[in-house]
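One structure below.
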Amino acid sequence: MADVITYREAVAEGIAREMRRDPSVVCLGEDIGEAGGVFKTTAGLLKEFGRGRVWDTPISEQAIVGAAMGAAMTGMRPVAEIMFSDFLACCWDYLANEIPKVRYMTGGQVTVPLVVRTANGGGLGFGAQHSQATENWALTVPGLKIAAPSTPADVVGMMAAAIRSDDPVVFFEHKGLLATKGPPPPPDHVVELGRAAVVREGADVTLVALASMVPVALTASERLAQEGIGVEVVDLRSLVPLDMATVLASLGRTSRLVTVEENPYQGGWGATLVSVVADEGFALLDAPVRRVAAECVPLPFADVLEEQVIPTVDKVVAAVRSLAAY
Amino acid sequence: MADVITYREAVAEGIAREMRRDPSVVCLGEDIGEAGGVFKTTAGLLKEFGRGRVWDTPISEQAIVGAAMGAAMTGMRPVAEIMFSDFLACCWDYLANEIPKVRYMTGGQVTVPLVVRTANGGGLGFGAQHSQATENWALTVPGLKIAAPSTPADVVGMMAAAIRSDDPVVFFEHKGLLATKGPPPPPDHVVELGRAAVVREGADVTLVALASMVPVALTASERLAQEGIGVEVVDLRSLVPLDMATVLASLGRTSRLVTVEENPYQGGWGATLVSVVADEGFALLDAPVRRVAAECVPLPFADVLEEQVIPTVDKVVAAVRSLAAY
Amino acid sequence: MDTAELLASYEQMALIRRTEKAAHDLFLQGLVKGTTHLAAGHEAIAVGASAALRDDDYVFATYRGHHHAMARGATPEECLAELMSRATGLCRAKGGSMHLTKADANMLGSYAIVGAHLPMAVGAAWSARLRGTGQLAVAFFGDGATNIGSFHEALNLAAVWKLPVLFVCENNLYMEYTRISDVTAVPRPAADRAPAYGIPGEVVDGNDVVSVQEAVARLARRARAGDGPAVLEAETYRHFGHSRADPATYRPAEEVERWLKHDPLDIARGRLIEAGVPEETVTAADERAQTVVRQAIEAAKSAPPPDPREAFTDVWADGGAAWRT
Amino acid sequence: MDTAELLASYEQMALIRRTEKAAHDLFLQGLVKGTTHLAAGHEAIAVGASAALRDDDYVFATYRGHHHAMARGATPEECLAELMSRATGLCRAKGGSMHLTKADANMLGSYAIVGAHLPMAVGAAWSARLRGTGQLAVAFFGDGATNIGSFHEALNLAAVWKLPVLFVCENNLYMEYTRISDVTAVPRPAADRAPAYGIPGEVVDGNDVVSVQEAVARLARRARAGDGPAVLEAETYRHFGHSRADPATYRPAEEVERWLKHDPLDIARGRLIEAGVPEETVTAADERAQTVVRQAIEAAKSAPPPDPREAFTDVWADGGAAWRT
């Protein structure tokens, strides 16, 4: 294996590892076969596993996810690709009403071990309908596990956990991270869903970030370190299960909290996290909690506008600074 | 006009008033015509306004809301009914990606003055797919106004505001409130969207509630009054615009906050509200903030189970009590 | 279908009919919460199809699905207990009338979002193909479901992948309170759409259990042989309103009368008599059904409610409901 | 279409072709962010249809919509400025290539979720009917869109309500990188589906601007007369890859070559020459187009970027973006 692996390669590698272990793992989605996916995140799968296990579909998001559900209920472990996470809206019934509820409403009679993978997020000038960070749509619905890794190794490890999980997992692959590189994961690398990672230690402020915002938080922390502000960065990695234990433990050390979210402020995951903190962690807080999130507007096309909307290092630095001075 | 009007009647009355004023207001939806709607919330409209303005549709949620959007862009003010709010998932693309974004992404070239009305919420034993409080799905998407009245008069007044609004409004009518009664609204009653109402004053704890949870909060407050705990109840009425000014002002008086939400804790509106408070209202807080929300499970069928999930008066009382004692 | 099978089918239909009647009465007595969508009148479709299927074939149904659960082996007691919110219900009182499921008999659920289960059936058929089991999947749905997007996507995908799946439309002429012909561009909402997917679209008398069984058997053979999916539109009529206490006044009296005369039980009974089965034998079947349902009502009534802690089980496959640490 | 109209159509197509070529080059130069879906090869569909429509008819297009914006009057400069993120762009740089819109010419937008705009066109046609204006709505979409649910729902609703709307499929044989025939159950993805809605489904050479104009004019007349919607499947081919820098290696060389020989510009030019128009006249049209686009590129390049505060305008009809007090 190479010295480094890209996030993009890690997606295909993560799926391939599971397909090698378990013949019940099959893939379906638009242009995932010969073309290797629009983002090349399924490159090589058709070649290695053949048409029997890598299926190109029509543009039919409902049929893709609905069929994955039916297959999952009957012995397979399907991995369905929804090309851009914005298109989850086209099959939202399956994510909101069917997949997360069927086990519960049948009194536990069926399980739905499937993964819906999707390219998430903005910053690339794809405009309002191809740039959203939509993890929060899924967060409103109990019964879905939500994974959003920030590094290639986590992609592989969390993909393994997601595919092996007997629960449905929505797996958000960030478009802005696809070209980033990192150390390759060891063989049989599994990262349990619901375990946040403290990716930088610091004594003054806790920054909780997800996916594309993890590198933003880390860059901000380095800058803040030069000003003498010690920042602890927590990479949440999963939204469900939500690792509040790690967040509260960090807060126990720092007493100050900032979330960094790519999604709009309204309805974002940071809100849920902060509301737990405002209840269970209230006594730990020495300062207001701040959420650096996207502005509550659709994503604009032009770079100069998109930069106004999605959190930047500058905005994170400013938020942390203001808290540290509180 | 009668001395009292039901919430159910208020819906039809609210629509009828606007249809009388403005010939561009038209209705479409499943079984809304002859049948007067499954919940009888459009009773009488066909008779008064005729087939030209009250259209029965096939079971085609995407076509219903998509057609409403096209009509709204071309001079009409359509009022589309989605029978149960769970079914918003079947046309989610329109609510998430099209309607709220089209004005922005065209640089302001088009407006979309439409209302999507829908029967929301649980407590009636309709099971996992017909009982959800789905306002929070809409909250994740900038560009939608969100109305959720709790009284008949507000239904009429907010319906007027919603239909007259040049912005898209998702209008949540609570199934559990349909049979409730209240004073009839005066003629030309308009309740601006984004104005919360302080429906009970109190000095010790602020309770913020929405729709079906407003009566729950009021009942809880009465009980708490007997224990000497003064509760101020804020009926939020709209989620977007979100009236934080009223909430923060109340908090300035009470220093203690509890939200009461029918939706699951994860991803609920209370989280967004609390996160604003934990930032801008931090200095006002004398105690942790508590959210009484539904449990993070699908809605079960049996009453005895549903009661475990949706907030009850008892749970609200307990939460307030614990804060008052903090 | 030989005479013994027909008699068994008759008894099964009688059982369903009486269970539906019981559900109706219990609803009116306030013992059934929420809503019910009764299948009285539709029995021949479920029973006829079941008679043509293998035990390991998959069935997906709608909120109007009591007949499918029972045709695949759910007992009246399990069904009524579910409707009455008892711990002994088919879904442990967590699903309710709209979600009857009998997974151990491959009846994989009743879904209450119109059209949603059609793609699931496609997926189950795909899974059967992948596993090489020769299983079939069948989706039952209403006429109203033919106008929703998932219908289109499911049929196209099934046709392109040539999957062993049957789409059986129970055309009872109405969606809720609106005539299907008022909102559908073609006269036969399901069968007339089949050519758009290059697959067979047949129409059958859905009130004749023998015709249904034969049509399903034929299309199932085809599908199992690898010739792909098919649409079967079964004409039928509901004896009750759409749901709950709907009196169905939107249906012309003459139409109701005509259809009530074309009752699936009468048709099967007629066929039995014609085949030389003594009246008493048929009546005995009826009586057995009556007894079973009467006992089911009692058993369900005396069953306990679910443990409140059940609200917090089975969100996840580990049995729990934890969403955070 | 008389010769003058044909010449005007030719020039319009030449303008689109050159604008698309410019967009391609500017993308490769890094001056266009995000993505583009070029319509080179599809020009005759937009221009032919436009020639058959009234100015007040509504047009809805996809992310591959530059040709439709221009056929309805958007200038190359406005389009290129949008692609290059300039304040002078058609959507003030808030939309980008995928969302070109020219509302004042009733070109009501380009939508990037496949199929989403079909119901919108139905709604616009409904609105026209309600207002009694005699306007028509046209939705242009790709072959790939015929397999998504909204296609089905839109066509059925339009047919049931007999609305003045045309569904024009630009069948370029591929969705992104997958042949449409590999994922579609019928050979003609759009036209073969029309019978499922009881409406006409025609096929036309989408590279012949005259044939397109005639077919659209005929179906538009019908629709305006109250005879309801229709499907028109226009066969065409894209000259570039699906988007961005896609080299489209999935397409057989022989196929590409055959289609490049069937170029809409060549066909129109041939018709003009045949009709006795001098070569120089046609060449002059070409040159005018070239000049306009060359100037457009320069103008767009020298236009300013949008004011950053534009990020916070026009969420709401009041011009603002406030979501809370």
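First chain written, first letter: the chains are A, B, C and D, and each begins at residue 1.
Going forward, a contact is a pair of C-beta atoms (placed from the backbone, for glycine too) under 8 Å apart; a residue touches a chain by one contact, two chains touch by 3 or more.
Keep in mind it's a predicted model, so treat the numbers as computed, not measured.
Trainee: Which chain maximises the distance between its CA centroid and that of chain A?
Mentor: C
Trainee: Quick check: more C-beta contact pairs at B-D or at A-D?
Mentor: B-D
Trainee: At what distance in angstrom does the C-alpha mean of chain B lie from that of chain A?
Mentor: The computed centroid separation for chain A versus chain B comes out at 30 Å.
Trainee: Just curious, how far off is chain C from chain A if you go by their C-alpha centres, in Å?
Mentor: Distance between chain centres: 39 Å.
Trainee: Hey, how far is the Cα centre of chain A from the one of chain D, in Å?
Mentor: Roughly 35 Å, centre to centre.
Trainee: Please list all residues of chain A that touch 2 or more other chains.
Mentor: Where chain A meets two or more other chains at a single residue, that happens at 57-58, 60-62, 86-87, 89-90, 93, 97, 100, 104-105, 127-129, 142-143, 240, 242, 266, 295-298, 300-301.
Trainee: Listing for chain C: what residues touch at least two other chains?
Mentor: Residue numbers touching two or more other chains: 91, 93-96, 99, 111, 113, 147-150, 153, 156, 160, 182-184, 315, 321, 323-324.
Trainee: Along chain D, where are the residues that touch chain B in the complex?
Mentor: 58, 60, 89-96, 99, 101-104, 108-109, 111, 113, 116-128, 130-131, 137, 149-150, 153-154, 156-157, 160-161, 313-319, 321-325
Trainee: State the interface residues of chain D toward chain A in the complex, per the touch definition above.
Mentor: For this pair, the touching residues of chain D are 33-35, 82, 85, 91, 93-99, 111-115, 144-145, 147-149, 175-178, 182-184, 250, 305-306, 308, 310-312, 315, 321, 323-324.
Trainee: Any idea which chain B residues touch chain A in the complex?
Mentor: Of all residues in chain B, those touching chain A are 86-87, 89-90, 92-93, 95-97, 100-101, 104-105, 127-129, 134, 136-137, 139-143, 240, 242, 263-272, 274-275, 277-280, 282-283, 285, 287-291, 295-298, 300-301.
Trainee: Help me check something: in the complex, which residues belonging to chain A touch chain C?
Mentor: So the residues of chain A in touch with chain C come to 26, 52-53, 55, 57-58, 60-76, 78, 93-94, 97-98, 100, 102-111, 113, 142-143, 165-167, 194, 240-246, 276.
Trainee: Quick one: which bits of chain D touch chain C in the complex? Just the residue numbers, please.
Mentor: Of all residues in chain D, those touching chain C are 147-153, 155-156, 159-160, 182-186, 192-193, 195-199.
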